[in-house]
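Here come two complexes built around subunit A, the first alongside subunit B, the second alongside subunit C.
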Partner chain A sequence: MSPSTLGDGARTSRAASPNPLLRRILVTLALLGAVVGLEFGFDTLVPDVALQQLVLFALVNVVVALSLNVINGMAGQFSIGHAGFVGIGAYTAAIVAGHIHKALGVDDILFSNSFIVMPAAILAAGGVAAIFGLVVGLPSLRLRGDYLAIVTLGFAEIFRLVIATAQTGGDVEGPIAKFLAYLGGQNGYAGPDRNGVPQYAGPFWIFGAAVVAVIIAWRLKFSGWGRALRALREDEIATASVGVDPTRYKVTSFVIAATGAGVAGAMLASMRNGNPTVQPDQFTFAYSFDAITMVILGGSGSVSGAIVGGVFVTFTVKMIEQLQRFESVQALQAAYPSLDLNALRMVVYASVLIGLMILRPEGIFGEREIIRRKPRQRVSHAPPEPLPARTEAEANPESETGPLTGKAEK
Partner chain B sequence: MAMKILNALITGLAQGSMIALVALGYTMVYGILKLINFAHSEVFMMGAFLGFFGITALGGKDAPLVAGVGGTLLAMFFAGLLGMLVERIAYAPLRTRGKGKANTRITPLVTALGMSVLLQNLAQLLFTAQYRGYPQLLPIEDTRKVIFISAFSVMIALQFLVHKTWMGKAMRALSVNIEAARLMGIRTSRVISITFITGSVLAALGAVLYCLDQSQVYPTMGVVIGTRAFVAAVIGGIGNIPGAMLGGLLIGIIGEMTKLTAYSGLQDVLVFTALIAVLLVKPTGLLGKASIEKV
Partner chain C sequence: MSALDLQGVTKTFGGLRAVGGVTFKVPERSIFGLIGPNGAGKTTVFNLVTGVYKPDSGSIRFAGEELSVLKPAQIARRGVARTFQNIRLFGQLTVLENVLVACENRRRSGLLSALLRSPSFFRDEAEMQRRALELLAIFDLDKLADETSTSLSYGNQRRLEIARAMMLEPKILLLDEPAAGMNYGEAEGLKKQIRWLRDRFDLTVILVEHNMQVVMGVCEEIHVLDHGETIAHGTPEEIRKNPKVLAAYLGEETPDEAASAAAAEEEAAT
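Coming up: the complex of A and B.
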C-alpha cells in the first residue's frame, strides 16, 4: 500500500463521522441547555427539598472527588487534607459573594444576578485555594517520600483549628486576630451582616460545575500531560530520565486539585437551600477521609470511579442522618449512649478501605472508565515520510558532522 | 520575666520529652519500612485510655505509686500488643504482595490511614467522645520531674537496644536493605513486629506521662500530638533516633515559648511553619544524612 492510499482511507473515514467541530459545538449546546433546563425544571423534577439537597451535595462531592483524583489517583501522591482546601474555597466564596450581594443592593437572590456573583466567587475561591495549594505543595512535593500526606493533614487540621478557636468576643488586636474574629470562630461565617451567606448556587451552577469538572478531568486524564503524570506515578526515576520534570508535574497537579476543591467549596458555601453559614466543623478530617474513600473506592485514577464514589459516599452519609431520625434508632441510642452512628460508619468505611487495599488495591473500577474512550487517530494530510534506511552518519562516515566524530574536536 | 522563661523552658523540656517518645515510634517505623504509620497517633490515644483505666482500676489517688507504675506498665503492654496487631492486619499483608500493580505506592498509606480512622472511631464507640480527667497522682512539679527522668531513661535504654543488642543490629540492617537483611538470615517480619511493638510501648508511656501532666483523655487526642510528633521526627531527621529526641525537645520548647507571647493559640501554626521551613531548607532534618538514591 502506498502512502497516498493510506491517506485517502483515513480521509474517507473522517468524512464518514460528522464534523468533529460541529459535534463538539452541538454537545456543548446540549449540555448548556440541559443545565439551564435543570435550573428551572429542578423543582418539578425533584419536588422533595431534602432530596434536592442530597442531589446538589452529591454533585459538589463529585467535584471534590474528581479534584482529589487528580493528585491521589493520577499523580499517585497522597493528599489527605482535601477538606482544608474545600474550606478555604468556601470561606473565600462566602466573603466575596456576601460583599457583592450587599453591594448589588437587591435583597432577592435573582438568577440574573448570580451571573455577577458566582463567577467572582468561583474565581476568588479557586484562586485562593490554588495559592495555598502552591504554598503547601511546593516544599513537600519537591522531595521523594510521603511528606505531602503529613503536610496536608497538618495543614487542614490547623486551618480548621485556627478558625474554630479564634477569639471572637471582646477586644481583639492585630490585623490577623481581627480577620479571624470576622470569620466568626466556631459559629461560622454568615455574611457581612451576619444574616446568612447569599445562596446563589442553584442547580445551574452546581450541575454546570460538575459537568465542567468531569470534562476537565476526562481531558486531563487522556492528555499527554495526564500520561506523563501516570508514568511518574509508576516510576519517577525512569520518567524523569526521559525529560519529565517530576516536581513541576506533581506541584501542578496538586495546584489543580486544590483549585478544584476551592471551586467545590464555593458551591458548598452558596448552595441553594443549603447551610447559610460556613462553619469550621464542615471541614473536619472526617470530610477529608470521605473524599479519600470516594476516590479509592471508585478506583484511583478513574474518572467514572470518582463520580460513582462521590455519589455513593454522599448518599450513605445522608442515609445515616435520616436513620437517626427514626424512633427505633433513637430508642436504641438512648439505651446505648455510646452508639454513635457516624463513628460506626467511619469504622465500617475504614475496614472496607483496609480490606479493599489488601484484596483489590485498584478499587472497584481500577483505572478503567464506564465509557470506553475511542482511540482516535490524528491524521495529517501530508503522507508520512519513510524512515531513511541509513542515517546520515552511517551513509557517509567521513562526514565531520557525524555524531561520533563530533564538533567537539574542533 | 527571666523566671517565666526558665519555667517555660522546664515545662517545654518535659513536654518535649513526651513528644519525643511518640516521635521515636514514627521514626523507627519510617526508618525500616519507609512508611508513615498514621495509626501511631491512635496507638498513643489508646495507650492514654488504657493507662486511664489501669490507673483507676489499681486505686488511683489512694495508691499513687502502685497505680501509677502498674497502670503505666499495663498501658505499655496492651499498646505493644495493639501495635503488633495493627502491623499484622494492615501492613504485613501488603508487604508480601508483589510489586508491579498500579498505585502500589499509596496502598500502604491508605491502609495506615484507614487503621488510624478505624481505631479513632472504635475508641469513640467504646469510650464515647467525652473528656476524662486523669487522677492527679503527684503534685504538678513532681510530675514534670518524673516525666523528664522516665522519658530520658527510656531513651537511653532505646539507644542501648538499637546499638548494643542483636535485635538492634537487625533493625539497623533492615533499615539499610530489607532484602539483604533477609538473605543474611534475619527474620524480617519478626524484626518489623518488634519495631512496631517498641514504638507502641514508647507511645503508650508518652501518653500516660502526657495525661498525668495535662489530665485529659478523649478519642481525638491523637491527631494533634501525632502531628507534632511527626514534625519532631522530620525536624530531627526522619529515621534517625537521636534526631527524633532532639526534634521532640525543640517542638516542646517552641510550644511553651509561644505560650509566653500573645499568639498562644497559634502554637500549631508555628510548628507547621517549622516543618515547611525544614522541608525547604534541609529536608533531611537536623541530624539526618543525605543519601543518594540508586536505581
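Coming up: the complex of A and C.
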C-alpha cells in the first residue's frame, strides 16, 4: 500500500518520485541563477536608486517579518521587542564586516570579497542574536501574553538605550564601557575607522537571504515541529497532554526567530546604498511595531502573509512619507507651523491599519498560503467501523471481533 | 499489580482543600470509575495525575515511577493519556494534524532534517500519517481528516479527542466526562466503545463521569469522592447501595427514600 499523504504530502509524493535529487538540484540552480542575475541586472531592472534602496529594504523587512512570524504567528507568543534582535544582529555584523574589510586591505567593495565578508557577518549576527534569544527566552517564555510582551519590549529598549546613552567622549574606563564607547552611542557605529560600515550586501545577498528565509519558514511550518508549534498556540495544556513540552518548543522558536532577526540586521547594516552607520534609533519600538504589523496584516502564521506584509508595510510607510512632498500638505504645514508631519504620518498609517483590520481581521491570508495544496485522495487503511457503532441498533457484533488493523498488527 | 497507585494525595488551592488525602489503586486493565458530586475534586485528581498540578503531599505512582515530580509532557510520554471535560482540541488544525501532534514526541528525525527535507523526514512523516489515518479510521474520522477540528460536530470532537489521546499509545487513558451531552443511545454506544478500547489496546481506563448509566454499566471498580475526601470504594453494586454515596448525591434522607432512589438509579442503568 502506498503511504498516504496530506499537507506536505503533495511534496512528499513528488520528492518520492523517480528523481527527487535531480529536481532539487535544478530548483537550487534556478534560484541561484535568479539571485546572481539580480546582482548584475538590478541596476537595469530598477534604475532609480531610491527605489532600489526601497526594494532592498522591503526584502530585509520580509526576513524580519518571516522570523517574527515564527514566534508571534506560529507559536502564538506575543513578542514586541523584535527590533532588539535586529539591532543586535546589525551591530554584530557591522563590527565583523568592518574588521574583515579592513583586514582584506582592499578599499573597493568587491563582489568576490563579499563571499568572505558576508558569510562571516551573517553567521556572527545570527549566532549572537540566537544567544540573546536564548537568554531572553529561557526565563520569559514561562510568562504568558501581556507579561511576555512587556519583557520582550523591555529587552529591546534596554539594548537600545544602553547603546544610545553610552559615554563616548573623554576618559572611559573598564572593558564594557570601552566597548560601548566604541559602538558610538547615539551617533552610531560606522566601522573600525569611522568611515562607514562596508556595504557588501548587494541584491545577491539580500535577495538570497530573503529566498533562504522563505524556504526555511515554509519548511518549518510544514513539519512536525511547526505543527506542534501551531498546536501550542491553540491550546498549551492539551499540547502538553500529548507529550509535547511547551517550554522547549517555545524557547526553540524564540531562538529561531531571534536568529532570523539577527540575519536581517546583518543585511540592514551592510545594505548597498543604505545607511553606512548603524544607529540605535533604527531599532526603536516603532520598528518592532512595524514588524508586528507586517505579520498581523499579512496573516498570523502564514509565510505568504509575512512576505506580502513585509513588502506592503515598507512601501506604505514610504508612500506616506512621499505624501509630505505634496504641495497641499506643505501648504497645510505653512498654515499651521506647529503641525508635526511625522505625527501626521502615523495618523495616516494607523488609519490604514484600522481600516484593514475591520475589513479583514485575520489579515490578508489568515493562516493560509498562496499555494493551496490539495489533499490527495487517501486509501482507507482500516476496515469500516471497527469502533462499535454508537447505538445498540446500529451495532454490528462482527466488527468487534473483526480483523484488526493498526497498532496490534505491528 | 496496579496500573496507578495514589497514596494520600492532597492538593489545596488557597484555603480550599480540593483533594484531601486520597488513596486508591487502579488495577491493571480495569475500567475504573471516579465519581462524586460537582466540586468533589475528580477533575483535580486527573490534573494531579497528568501533572497539570503538583500535589502538596502524597505520591502518585505509575508502573513503579513517581509521577508527581514529572512535567505534563513527560507524564504523557510515559503512557498516561487524557481527554478534557471541556473539549480541548487544536481548533485551527485539521483532524489529521490534531492526531499527528500526538506522535511528535516519537519523531526520530530532528529539526535539521525537517529544514533539509532529508529522506528520513519524509519517511517519518509518511509513517506518522499512516498510523494517524489508521487510528482515525478506527474512530470513523478518516473521511473528515482534512476538516478543521472546530468544524466537527460535538460527538465527533469528543471522539477525535479520544483518538488523539490514543495516538500516544497510552497504558492508561483518563476520560473526563466523555458522556457529557450524550443522549441515552449515544451513552450506550460509549459504554461499548470504552470496553472495546480497553480490550483492543490493552489499557487501563479511568473514567470521571456523572452519567450513572455509563458509570454503573461499564466500570469494574468505583471510587467516590465528596469535598475532596474518599467516601466509598467498591464494585458498582456496592456503591449503588452505599448510604454515604446516596447521601452525598441526594442529600440526607430516610432509609426508605434511599432505597427507592437506588432502585430508580438501578432502573436507569439497565
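What we mean here is this: the second predicted complex is superposed on the first by the 321 of 410 C-alpha atoms of A that agree within 3 Å, B and C clash if a C-alpha of one lies under 4 Å from a C-alpha of the other, contacts with A are read in each partner's own complex, and residues count from 1 in each chain.
Everything below uses one rule, namely that a residue touches a chain if its C-beta (ideal position, glycine included) is under 8 Å from a C-beta of that chain, and two chains touch if they have at least 3 such contacts.
This is a predicted model, so every value here is computed, not measured.
A.B. asks: Does the superposition put A:26 against subunit B (first), subunit C (second), both, or neither?
C.D. replies: Neither partner.
A.B. asks: For A:223, is the partner it touches subunit B (first), subunit C (second), both, or none of the two (neither)?
C.D. replies: second
A.B. asks: Scan A:354 for contacts with subunit B and subunit C and give back first, second, both or neither.
C.D. replies: First partner only.
A.B. asks: Quick one: classify A:367 as touching subunit B (first), subunit C (second), both or neither.
C.D. replies: In the superposed model, A:367 contacts both subunit B and subunit C.
A.B. asks: Applying the touch criterion given at the start, work out whether A:78 contacts subunit B, subunit C, both or neither, answering first, second, both or neither.
C.D. replies: A:78: touches subunit B, not subunit C.
A.B. asks: On the A-aligned overlay, A:106 touches which partner chain: subunit B = first, subunit C = second, or both, or neither?
C.D. replies: Neither partner.
A.B. asks: Give one of first, second, both or neither to describe whether A:234 is in contact with subunit B, with subunit C, with both, or with none.
C.D. replies: both
A.B. asks: With the two complexes superposed on chain A, say which partner A:242 touches: subunit B (first), subunit C (second), both, or neither.
C.D. replies: It touches subunit C, and subunit B stays clear.
A.B. asks: If we overlay the two complexes on their shared chain A, which of subunit B and subunit C does A:49 touch? Say first, second, both or neither.
C.D. replies: Touch partners of A:49: none, neither subunit B nor subunit C.
A.B. asks: Share the list of subunit A residues that count as touching for subunit B in one structure and for subunit C in the other.
C.D. replies: Residues 233-234, 237, 367 of subunit A touch both subunit B and subunit C.
A.B. asks: Where on subunit A is subunit C touching in the complex?
C.D. replies: By the definition above, subunit A touches subunit C via 3-9, 11-12, 15-16, 216, 219-220, 223-225, 227-228, 230-231, 233-235, 237-246, 252, 367, 375, 378, 380-395, 400, 404-408.
A.B. asks: Once bound in the complex, which stretches of subunit C touch subunit A?
C.D. replies: On the subunit C side, the touching residues are 50-52, 71-74, 76-77, 81-82, 84, 88-94, 96-98, 100-105, 107, 111, 114-115, 117, 121-122, 124-131, 133-135, 137-140, 142, 145-146, 155, 159, 164-165, 167-169, 185-186, 188-190, 192-193, 196, 200-201.
A.B. asks: Give the list of subunit B residues in touch with subunit A in this complex.
C.D. replies: Counting only subunit B, the residues touching subunit A are 34-36, 38, 89-90, 93-94, 101-111, 113-115, 117-118, 120-122, 124-129, 223-224, 227, 230-231, 234, 262, 265-266, 268-269, 272, 275-276, 279-280, 283, 293, 295.
A.B. asks: Mind pulling up the subunit A residues that touch subunit B in the complex?
C.D. replies: Listed in rising order, the residues of subunit A that touch subunit B are 72-73, 76-78, 80, 135-136, 139-140, 142-147, 149-151, 153-155, 157-158, 161-162, 165-167, 173-174, 233-234, 237, 285, 289, 292, 296, 300-301, 337-340, 343-344, 346-347, 349-351, 353-354, 357-358, 361-362, 366-367.
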